[in-house]
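Before anything else, here is the set of structures, which you'll find just below.
Each of the next two complexes has chain A plus one more chain, namely chain B in the first and chain C in the second.
Let's turn to the complex of A and B:
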């Protein structure tokens, strides 16, 4: 069944122009993505066996996805024999309904959350708030964008598009609402200290915790959470009621598989050997234990994922959401996450968004936001064939007649010439006598029709009065 | 250099690269002195003023050791021991508040990994995770023999020890450095939700 994803309904040119005019976002996202990409390379270089384990991790994920249903059944049985309850959700709406039922059954008034892309996919916060339940994001970046009523711009660092002045203003406003002391200054440490103090109160008072999950271990019924801030530890340790919402593709068959994959998100995403905090939840707390949930619900979300099984796109389900493909993508580095209009930005978002929703939303992604430079294909630690998939998605759009007629005709006309050497040479001859309308100061400055767009921001040298082939024919060719 | 010393060295290198501090009691009888010095160094550096309250629990090999005798003399430190076994819902809130008001958590640890600088803690009736989480400073006591060459090896042994019993501990935490974030302008800040400073005191086997 097709999945449902929330989208930014502004058309692509509007999202693109907004991104290109956002100086703060462009500067921060450029610097941070480059730093993360370099950190990854350095971390691998200093850790000799890392690449060998990465290859094992790829095998583990592929193998686990192949027997998805079997592993999910084992996981369910394990969690339930250790005090938890597992719910399967086919669609986003099913997941929302399950979570609301749990919250309402316990008369929950306040919820604390860890960062989770799946809950962004569900728009869970909005659903809880509509039901009169207060929700607090506790990852610093998520907290900032929650206050700003915005969406994440990077899957690891959601508030990369905001600068300290903007964040200071948001925290000042928040301090007024909650009658608490505002941040001491707009210094980054002071802002972080404000968030620590403010969120601490909410951690201690919350009725229910909601987490995502980086991995599920079928054999032991374990949900694994990775953070650098320690907020997942708060969310899993403090509230009496815990809900973990996780995509079904996060499953690994057994503990040895977990050992192979557990370091991958941090190594490939931020260049750390392990994130500061790795939390493993394998059941409700024992009778004499102080910490951990009394009641634990795991919601396994499909939302279009299993329809990718047994298709050429099955490897997409191996994604560990490390963000490595975002960090190396030249388009992402220019426009940031918001321009994609999807919960999942960057190369993986280009591929997943149309696939999960069967092209229902944002079909422009594979065509408009990729230069086919293949950097993402090299960067992906899970060997997902992102560039190959993007080409294939473009073909599918063509087969489904989803491109504008003008575009299709232009490319067909172009292809007719450039598919043969003879056609290519003929097009050069035509261009040579056609170009004089457009040459200014020795460069081609504009072009007719669709090609005109290319010259908006650049020019190109004119076609030479004699091409290399012509020269060869006239000099060397005659001698023979 | 023995194998254990080499592992401790590697662990120290990784742990300090992450911003942690390491103290080493090279002889069993030196542990009280080294712990007191580690504690003094950490509080003077990170909490130079204000009252000091410690909540602690110890590894089973140190059980029965009263930390008040060791730390009580340092800036009037109050030491509160983690309640052993049994829980009462009625006092849970009060206990949580007590933890939230404390400045230093001192805990034992189950094992550590040399290649990543990781320390593992499990929640159980006598070993809590909150002292590693709520206070600004966390000091971890680590038995030198529990340092594994790699996090892979540590997780493997963890599995072998627990799966035999039929289930994994419900809540396990691997700590690899202090709480940190780079969410504002990509700049690294230490101490978001968890501790802003962590230290490990490595000690030799069987002191008492």
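Let's turn to the complex of A and C:
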């Protein structure tokens, strides 16, 4: 069944122009993506076995997806034998309904969350707030964008587009609302101290925790969370009620598989050998334990994922959400995450958004946000064929008649003429004859049709008065 | 400089690419000069048109396959005349299209047109066979025994095309070749970033494409401060994009295709004036 993804309803040109005019965002995103991409390269260079382990991780992910249903059955059995409850959600709406039922059954009034892209996919915060439940994000980046009433602009670093000055202003405003002391300065330490102090109050007051999950281990029924802030430890242990929402593709068979994959998100995402904290949840609080939730619900979300199984796009399900493809993408570096209009931006978002929703939303993504430079394919630690998929999606759009008819006709005529030497030479003569309406100062400065876009910002030399073909015929033709 | 492999002249079939043929024929003329100076026999299969990458990347695979079949037929015929001959591509990107994309494109297109699996496999094998004999110009040049030329001191900054780098894995070869011909390489910041061209992407999504080009020109600005006197590349598509943007910004900074620089160095000591004159694109009758 097709999935449902929330979107920014503004048309692409509006989103694009907003991004291209936001110089602060462009500058911040440029600096941070470069820093992350370089950190990855440095980390790999300093770690001789990096590629060996990466390759093993790829095998583990591929193998896990091939036996998805078996592993999910084992996982479910294990979780339920440790006092948890597993729910399968086919769509985003199913997941929301399940989570709201759990929260309402326990009269939950406030929720604390770890960073989770799946809950963004569900727009869970909005659903909870509409039901009168307060939500607090506890990942620093998520906390910042929650205060700004924005959405993440990057899979791994949600507040990547915000600079220190902007964050300081948000915290100052928050301090006024909560009658507390504002951050001492714009300094990173001061800002972090402020968030730590504020979030501590929220951790202690919340009555439900919500987490995502980086991995699911089938053999022991374990949800694995990796963070650099330790907030997942608090979210999973302080509130009496815990809900973990995880995409089905996060499954691995066993702990040896987990060991093979666990370092990959941090290694490729931020150039760190391993994330600072690893939080493992395997069940509810036992009778002789003093920490952990009384009740634990795991929501396994499909939302269009399993329909990619056994298709040429199956490797997409190996994505570990490291963001490496975003960091190297020249388009992402210019327009940032929000311009994509999808929860999942960057090359992986271009591929996943139409695939999960069967082209229902944002069909412009594969065509409008990729130059096909192949940087993403090179960066992806999971060997996902992102450039190949983008070309394939463009072809699918064409087959489904999703392109403007004029554009399609241009390509048809182009191929018709250029598939024969005679047609090629004829079209060249026409171009040479027609171009003089558009030449200024020896350069072509405008053109009709498909080529028109080029000349909005760039010139082109005219078709040569003697092409190479003609030069060859004239000077060498007789020798052939 | 007149090197001959195994005592006989090698035959090179020139794949000039449509962009160079139409918009910068001097680049192909220079390449012919460079190859002939090194003792090669250059042939130009005159039935060649375009590799079809524009259509392929835009998702028009049927149209791309029409062009690809023509390309394979033309060069297959040319190569069959000489079992040692190779195809020299004047673009890393077009070479990558032929080498990396043709086999599966032609296979799938044959099936889509209702041909038998056997027929589809024949097209795939034919594309693979021809593709194995395609070599990008600078990579060919790097294997030629060239006497080190004295340094001209001309600072050149090199743009590494995305497909050449990532699909063919050619990274430092062109810079090495430039150095051995007396040019000094001025590095480009963020050299692995795209120039924003992307074929028809530059037309359909010109605002983003231009923003990426401007980022590249900003990096170029730094190379210029460090002494770069000209910009070059082994991909004319990228150069057309960047020089087109420079031209619109009324910036006269010289941009020349790599074979033109090599041909210039072959002819004697290179001067900045000669490079500038070459970049100014003066046409002969």
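Throughout what follows, the second predicted complex is superposed on the first by the 468 of 480 C-alpha atoms of A that agree within 3 Å, B and C clash if a C-alpha of one lies under 4 Å from a C-alpha of the other, contacts with A are read in each partner's own complex, and residues count from 1 in each chain.
Please note the rule applied: contacts are C-beta pairs under 8 Å (C-beta built on N, C-alpha and C of every residue); 3 or more make two chains touch, one makes a residue touch a chain.
As the structure is a computational prediction, the values presented were derived from the model and not from experiment.
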Touched partner set for A:230, first chain B, second chain C, both or neither | first
After lining up the shared chain so the two structures overlap, which partner does A:255 touch, if you call chain B first and chain C second: first, second, both or neither?
-> first
Have a look at where A:271 lands relative to chain B and chain C in the superposition and call it first, second, both or neither.
-> neither
Would you sort A:411 into first (chain B), second (chain C), both or neither based on which partner it touches?
-> second
On chain A, positions contacted by chain B and by chain C = none
Chain A-facing residues of chain C, complex = 16, 18, 20-25, 28-29, 43-44, 46-50, 52, 54-64, 66-67, 69-70, 162-163, 166-167, 190, 192-194, 196-213, 215, 240-241, 244-245, 247-248, 281, 283-285
Per the touch rule, the chain A residues reaching chain B in their complex are 28, 31-32, 35, 47, 53, 82-83, 138-141, 144, 157-160, 162-164, 167, 188-189, 191-193, 195-196, 199-200, 203-204, 220, 222, 228-231, 233-234, 236-238, 255-256, 258-259, 262-263, 272-286, 288-292
Within their complex, state which residues of chain B touch chain A.
-> 14, 18, 83, 85-87, 92, 95-97, 100, 115-118, 123-125, 128-130, 132-133, 151-152, 155-156, 159, 163, 167-187, 189, 191-195
Report the residues of chain A in contact with chain C in the complex, numbered from low to high.
-> 16-17, 20, 30, 34, 328, 330-331, 333-335, 366-375, 377-378, 391, 393-398, 403, 407-408, 411-412, 414-416, 418-421, 423-424, 428, 431, 442-443, 445, 450-454, 456-473, 476-477, 480
